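Lettered A, B, C and D in written order, each chain numbered from 1.
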């Protein structure tokens, strides 16, 4: 491998993530490629849903227990705390905030996504487990909103993540977000909310779009 | 009673030696440290920003803030927008308290183009600004308890904040983004009965703050967790450009409303809220007193403001409003401290440069990094909230 | 009663305890919500969450111990249940209680913690590790006053059999340990605050510090198992305290009422206090409850 | 106030002294004399707070304007000092030794305008952007709209009405 090709690849990597060699106790040379060795390189699979009444029942449970990843990606997150406050109280609908992506099933993209946040949002989305849903708040996620000409915010979220429900507005009021949750519930109960499987099927297209704007791709292809 | 048996005697031999700048030298390879990312996806950080903490045991050895997760390039976008088009964009620069952006941008435009604002509009602006301040304080004052696990008053606080948002909705039509203050004046008069309804809400909020006093302020565990934590030495205040409650908690009398009176604040009667301990508790205390001041100011404004008057001065057609070449500095007091706009006009219909400098620009980056060294990892979020870090105004 | 029948009754008891645990979680959440001026979740929401967690399609593992962590935790909870006499005077609901059951139960209380610590450690998330080290450190401080209280009771009643301790407390509130040995009760109830993981002792799962603590990496079925255990453990630990200090229960109604009140004590305190730092909570536990516990023993020694 | 200006005038070659509309005294100085001047203002005249360090890109004149606004909290006065530097290979002396938070300003300016401040701590680190490989975005010759359209998949159907022309046609057809 020529050295010229290596340099741009490694340029954005943190020092501990670069390829390096270590000499073992008996003089053996160990090649370490952290991105390959330390991370799981498997790609996601399409997980087929069950059939019939069982899937209907499970979908009902999934719809009635929406665990939201507590990640305020943009200015829409100012309306998320009121959502869990006395006046709006989303807990009534089985909506709950979880601080870790492993346990949450809903990712709320609250408004515009800066490129730096998009990278984290993708990681968070990929660390969530199938089935998972995406709610996009605000007009910024639909067509860029008032940041349509900004050099650092994406215009269309559905090119990077499969979106289940859009909630328009700048920013959407808590009532609108509650309505959005109810729309998502209907969608889950009808069995159409298979965003995770769609993502797994079209992984190449999504990855191409993502890598187009995330120039310093220093993570594995799919972040388990 | 002597506490010596139970006092935690830390074995300092495990901790890194400080170098000549007082910063500990951390060698990650020595296996004594863990690197922990607090944020961007973490309930303990305010908004979307990240703290890269190197910890040894429970103690933070090195802290680094990472911002830019909310960078939208506002200052670039302003170059492409006419003065009037800047408005809807500018208010999104500080999401919790957008009105200060409206005010600063209007004031800057007026100063540069030499427009006088009618008196009535000035008083209405003050109402909007003070209501916005109250609305933020109702989040942050009980929220200080929320950072150390006392979530209940924070939840009540959100309810009372809704009351103020209701009044905003009535006055301006918007919940969060109001766009009430425009160049040349304001957008509308107070609706009928507004003063009475606001007064009702203020009474309720005062009762609620008494409750907060009981539950948070005089809580033994709260005091234990916040006293002596995150002390900002007074000599750092100027050196790091700290303003607002942080400076006032260190004993400095700094309040833009009194130092550089804008609008009609010089006609109102209020005082600096000063504390001297300069720790998390003192900053909380300053904010707690700010709530009372703000409620008092709102009452004074409602009593002193004229009943009728011009709402807007004559402005040129906003679509081809050329503003002569000039530079100006506009400041106002936000709930977090001094909020500044530096505006440069080049004589065209587009602003040449509008630069924002919010209090978080120093509180959230240099000061926070400095304060977190040797802090306990449990206190990180409480220190961060007490400095009122608001990432959107750091990165714009 | 044959062994087969006994096993059937144990399983039935486990089923009742699990359901009561889930419903109790719902009721407690509802009460917390009402204090916070909200309507709160549906009472049966914990069931839906459980079903949902078991219905997650994809799961990933970080190794063998990661699998075993929740299993150990669950066996800790079930283990306490197995040797706990639930209803006093009933032949059917005494489970596998025997003369030395109190010792075994004390052991099982720590067993689940250790298994969870190993599993969470293998998860590899730094916040898990922080949570684990905090949890183990604090749990040691919690165990000390509790053990002293148990010893004090053992000295008082000259037995380490739970059934006999309950038997000694029958005949009205005057005979409860609460009245006969208030110091041991105080020490144990203060340590109970720590064991239940509510403020001011929720250092393990401290939302603003290490967002969710040890189970950071657990999801899907793993989390479902943990939730199941949580429901069982909360009830069973409350039953232990009930048996030791509050006169046991002679029927399921009494058990449900008493366990609810005992559990609610920790929620009640937790509602109005912020959380201690771990280096404040351990000295507190080692000061006040421990001193009371030592006093409780000394009184019976004299 | 005038005393200070007179005093500064004697010691430093300042020009273009004027008062801004908000009572801010603005003056320009040669880049090489800036740091001595700020040091003198800070130590001798009580201008102890660095309020803002801002940059204006005068593309037409091929110059960057750096504005240092310092504040005297005792007299409640602001003083703005402008420095003009060349746009090509722009470089400026760092003032982080005077005010530590100046390093943050300088780090941002380095990223946004490409002005180098040698010696400023962390000046080369990424601050707001991540993996940026284009022109520094705040330079006026960087076209953000073109960049966004090329990069971010604009949703079709967004009509771009020039608001001025559109509203003129709607509201003031005769003007």
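Rule of thumb we're sticking to: contacts are C-beta pairs under 8 Å (C-beta built on N, C-alpha and C of every residue); 3 or more make two chains touch, one makes a residue touch a chain.
Everything numeric in this text was worked out from a predicted model, so none of it was measured.
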Quiz prompt | B-D against A-D, pair bridged by the larger set of C-beta contacts | solution = B-D
Quiz item: Once you find the CA centre of chain B and the CA centre of chain D, what distance in Å lies between them?
Solution: 23
Self-check item: Between chain A and chain C, centroid-to-centroid distance (C-alpha), Å
Solution: 36
Quiz item: What is the distance, in whole Å, between the centres of chain B and chain C, each centre taken as the mean of its C-alpha atoms?
Solution: 43
Self-check item: chain B residues counted as touching two or more neighbouring chains
Solution: 42-43, 68, 71, 73, 76-77, 80, 155-156, 159
Quiz item: Going by the touch rule set out above, which residues of chain D reach two or more other chains?
Solution: 128-130, 137, 142, 144-145
Self-check item: Touching two or more other chains - residue numbers and ranges from chain A
Solution: 85-86, 99, 116, 149-153
Quiz item: Every touching chain pair, please?
Solution: A-B, A-C, A-D, B-C, B-D
Quiz item: Across the complex, what residues on chain B touch chain A?
Solution: 40-43, 47-48, 68-73, 76-77, 80, 88-89, 92, 95-96, 139, 155-156, 158-159, 161-162, 175-177, 392
Practice problem: Under the touch definition given earlier, write down the residues of chain B that touch chain C in their complex. | Solution: 6-8, 34-36, 42-44, 58, 145-152, 155-156, 159, 215, 219, 221-222, 224-225, 376-382
Practice problem: Using the touch definition up top, name the residues of chain C that touch chain A in the complex. | Solution: 33, 36-42, 45, 48-49, 51-52, 55-60, 207, 211-212, 215-220, 223
Quiz item: How about chain B: which of its residues touch chain D in the complex?
Solution: 67-68, 71, 73, 75-77, 79-80, 82, 85, 111-112, 114, 238-241, 252, 254, 259-260, 317, 319-320, 326-330, 340, 342, 344, 352-353, 355, 357, 361-362, 365-367, 395
Quiz item: In their complex, what parts of chain A are in touch with chain C?
Solution: 40, 44-45, 47, 49, 57-58, 61-62, 64-65, 67, 85-86, 89, 91-92, 94, 96, 98-100, 102-103, 105, 129-131, 196, 224
